[in-house]
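Okay, got some structures for you below.
In the two assemblies presented below, chain A is common to both, partnered first by chain B and then by chain C.
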Partner chain A sequence: MDAEALEIIHQRPIETPLIAITGGKGGVGKSTVAVNIAEALVQSGYRVALADADVDGPDDHILLNIPLRNPLDVTCTLPLIVDAKCTRCRQCVDTCRRHALFQPKDSSPILIGECIGCEACILVCPSDAIERGERTVGKTYKSEMEYLTLFTGELVPGVEESSFVVNALKNRVLNEAKDSDIIIIDTSPGAHCNVINALKGSNEAFAVTEPTPLGVHDLNIILKLLQILHIKASIILNRSDLPGVRGQIEFVSKTYDANISVEIPMDDLLVKSYVKGVPVVRMYPEAESSKGISRLSKEIAAKYIK
Partner chain B sequence: MKEIVILSGKGGVGKSTITASLGTILSKDYKVVMADTDVDLPNLGLFFHAAERESKEISTSEKAFIDYEQCTGCLQCVDVCRFCSMVASDNKPLVISYSCEGCGACAVICPEDAIAIKKVVNGSIIISDTNNMVIVSGELSIGESSSGGIVDEVRKTAKKEAERLNTDLIVTDGPPGIGCPVISSMKGSSYVIAVTEPTPAALNDLKRLAEVIEHFQIPCGLVINKSDIHPGGIQAIKDFAQINTISVLSEIPYDVHIPKAIAEARPVVTAYPEAPSSIAVRILADKLKSIIKKLN
Partner chain C sequence: MKLCVTSTGRDLDSTVDFHFGRAPYFLIVNTDTMAFDVVENTEQGTGRGAGISAAQMILDKSAAAVLTGVIGPHAFHALKLAHVEIYEGLSVSDTVRAAVEKFKKEEYRESLEPSGGIGRGRSFRGGR
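Moving on to the complex of A and B:
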């Protein structure tokens, strides 16, 4: 990506520090780490906005055991063809690159395929015969507690246009989290455009991984992505005592100049707190995992919160 | 063609681990083509140390390209882009390539005809061989988009390989989530195995996945991995399965042999054939064989 484009995608309207929790691989502990860092920062007296951008499967509210509140619909355009105005010129059908419009013999075009809401058909129609309808593709939520505000994006199952939901979530957080001292953003697994949309503008991204061949493989990819995006990267090594490939993690860490900022050993107390829906740093502050996360949170606060 | 797709909603519950073991067992009775449609992070192949036979770049993605000699800087393209992928920089439009859908709205509105929509290489398809199976995986290039298109190519290639081998069984390791690559992975497939674990987060994601499976009307069964890590959680899953008439195919206990096998990058049924999880996967494979027989 060229420098100019990078500069623009990282621009944001507020100064509040933005920390991303990502990792590539699923199930390595991204959400667990994100809610616990958020909780640890709250314990240190900061106001925290936590944004759950895993819109396919947003689980932070479950890990925190709090209800989703203040829903707002996320919509995209659905073209509505007005038969009376349509001249059957077919330009909309030919313009739609997803082949979502079909021209039957005796009527105006109908929507048959996967419309992504791009509006190219509306723009090309010479007789203003296509109106802007709406299709709900997801929701964003804002659940406020005393010091922690959880923002959540949720895709409607069966819908493919998840990028609208991630972008809507990001906008809502940046608009409504002005009073927070810090924003923590929890990304989805993978390295696709929704992960990039979640990551953009972050001061630092923490890639959660585990010392397995699968973890190493996926860590490599996510660190390469962060390098392309010019986002400072650090590693959180979860389940650090799993039998495996520690040396390879250290090698990847060196290759991408991404420090291992904390190691979290396998910890029964963490599992117990996880299934209870209470962050481990609150339920078992003396647990090994809690100590590591609390230390990291203090370092994040010292580095980024003015 | 019988396509069995392993999905989960939540990541990291054991899709690839179970797929690798299932494929290994099935390959004793069938000629099997394995497919990996987790194109962001394809790692099924890591279990098999397979020899790469073929790798080809593919273009399933289109992007906008601006001819700056024609562009007058009117910025109408910036206004019409619904994907925040056309931005203004010094009064000139700039394409943010990673999120550009290649929809062409900008090209339609441009009064100077200065925008063209062109195909770009966004990934590759890799075919590998082991002694008794073929593995087809897709790989999205980093920072590129249209993973759904790559999934479609993986499935097409897997079908061709199956025809070449004169078999009709494809076992697919799918991506996490419920979004576009998941939909591309399951649409028109024969059977979905949904893998979950007894945690509240995994159940939440399973419910969302089940809605998508129902939407596309694909028969499915459930595998509960690490079934004994949270006694309270398993009942919640079973209740959900019963209400939605989804059959529970298998409960795989938490088993230290699985992380050990993963560390060795081998399917657990190969590395530790007598381990409790291996026994459970073999029973699952037997059930799956009878399901496969009934599929058209």
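Moving on to the complex of A and C:
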């Protein structure tokens, strides 16, 4: 990707450091790690904004045991065709890449299929016959605690426009998190467009993984994506003492020049805290997992918080 | 009448195709004379909305009815709006010619409600 494109992708309105917690694979502990890093930073006295960008199934609020508050609707454009202005030229029908519009004979086009709000129809209409309606595709929330503010994106079930919700969440965080010392963004699994939207503008991304064949495979994909996006990548090796394919994780780490920044062993105390809905760094600060996460949080703070 | 039959090929001896939106060809057959036009389905492999764009294509050819195997809910809706009659359930091994003959013998009944079909089309979305 060329430098100009990268600059556009990563530009953002505020200087607050932005750290992403990601990882190609689901179920590796991204949210648990994100919540605990946020909590550890709070314990060190920083004001933290945590953004839950796993909009298909946000659960950071469950891990933190706090309610979702201050909802705002996320909408996308729904074309409204004004029959009186429509000249039946059909350019909108022919332009729609989703083939969502249909034009019966002697009628203005009708929206039948699945519109994703791209507005191409509005752009091509030569007679301004298409107005912008709105369709709700999700919500963002802001739940404030003393030093931690949780922002959550939530997609309406069955709706496809997850990246609209991620972008709306990102905008809200960047606009309302001016008072925070650092922003932690917890992405969804995968390496698709809404993960990319969540990663944009990050100072560093931590890819959470585990020493299993699936973990290695998906780590490879996410590190490749981070390389393309020119985002500094590090690895968090969760369940590090699983009798698995550690050597392969180390190989991928070397290949992409992404250090293993912390290893979190399998830890009964972590599981106990998880079941209670309390971050392990708060409930059991003496646990092995807590020590590793707290050390990493201090390193992140030293490196990025001015 | 002008009857649109979904087809795997370009002539009356081609085997019919079962899926409306994803058929490679539409033969627009004049049931009185058996003269026909061939419409290639250029949106056969499209991500979404193949049924709606197919409906638009055959409407442009002024077909009064469609004979196919199964039709999705979006295309069904579109064709109903355009007052095109819909006949589903053709035999997969028939040629277009045989299907039209059966149609003329009134072996198919008009579909008045969407049968369900596929509808969500083919997805380009990987993962979430």
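Quick notes
FYI, the second predicted complex is superposed on the first by the 305 of 306 C-alpha atoms of A that agree within 3 Å, B and C clash if a C-alpha of one lies under 4 Å from a C-alpha of the other, contacts with A are read in each partner's own complex, and residues count from 1 in each chain.
Keep in mind that, in the parts below, a contact is a pair of C-beta atoms (placed from the backbone, for glycine too) under 8 Å apart; a residue touches a chain by one contact, two chains touch by 3 or more.
Note that this is a predicted model, so its numbers are computed, not measured.
Once the two complexes are laid over each other on the shared chain, residue contacts for A:Ile66 go to neither chain B nor chain C. By the touch criterion defined above, A:Gly190 lies against chain B and chain C together after alignment on the C-alpha atoms of chain A. Once the two complexes are overlaid on the shared chain, A:Ile8 sits against chain B while remaining clear of chain C. By the touch criterion stated above, A:Gly27 is placed in contact with chain B alone, chain C being left untouched.
Within the superposed three-chain model, A:Glu160 lies in touch with chain B and with chain C [touch as defined at top]. In the superposed model, A:Ala100 makes contact with chain C only, not with chain B.
Once the two complexes are overlaid on the shared chain, A:Asp56 sits against chain B and chain C alike.
Of the two partner chains placed by superposition, A:Met283 touches none, neither chain B nor chain C.
By the touch criterion defined above, A:Gly113 reaches chain C but does not reach chain B. Partner contacting the larger number of chain A residues, of chain B and chain C: B.
Residues 56, 97-98, 160, 162, 188-192, 194 of chain A lie at the contact with chain B in one complex and at the contact with chain C in the other. Listed in rising order, the residues of chain C touching chain A in the complex are 43, 46-50, 52-53, 55-56, 59, 74, 77-78, 81-83, 125-128.
Of all residues in chain B, only 8-13, 16, 40-41, 43, 46, 62, 80, 82-84, 87, 89, 94-99, 101-105, 108-109, 117, 140, 142-143, 145, 147-148, 175-183, 198-201, 204-205, 208-209, 211-212, 215-216, 229-230, 232-233, 259-260, 262-263, 265 touch chain A in the complex they form.
Residues 56, 93, 96-105, 107, 110, 112-114, 160, 162, 188-192, 194 of chain A are the ones touching chain C in the complex. Contact residues of chain A toward chain B in the complex are 1, 4-5, 8-9, 24-28, 31, 54-57, 59, 62-63, 76-77, 95, 97-98, 116-120, 123-124, 155, 157-158, 160, 162-163, 167, 188-194, 196-197, 212-214, 217-218, 221, 224-225, 228-229, 242-245, 271, 274-275, 277.
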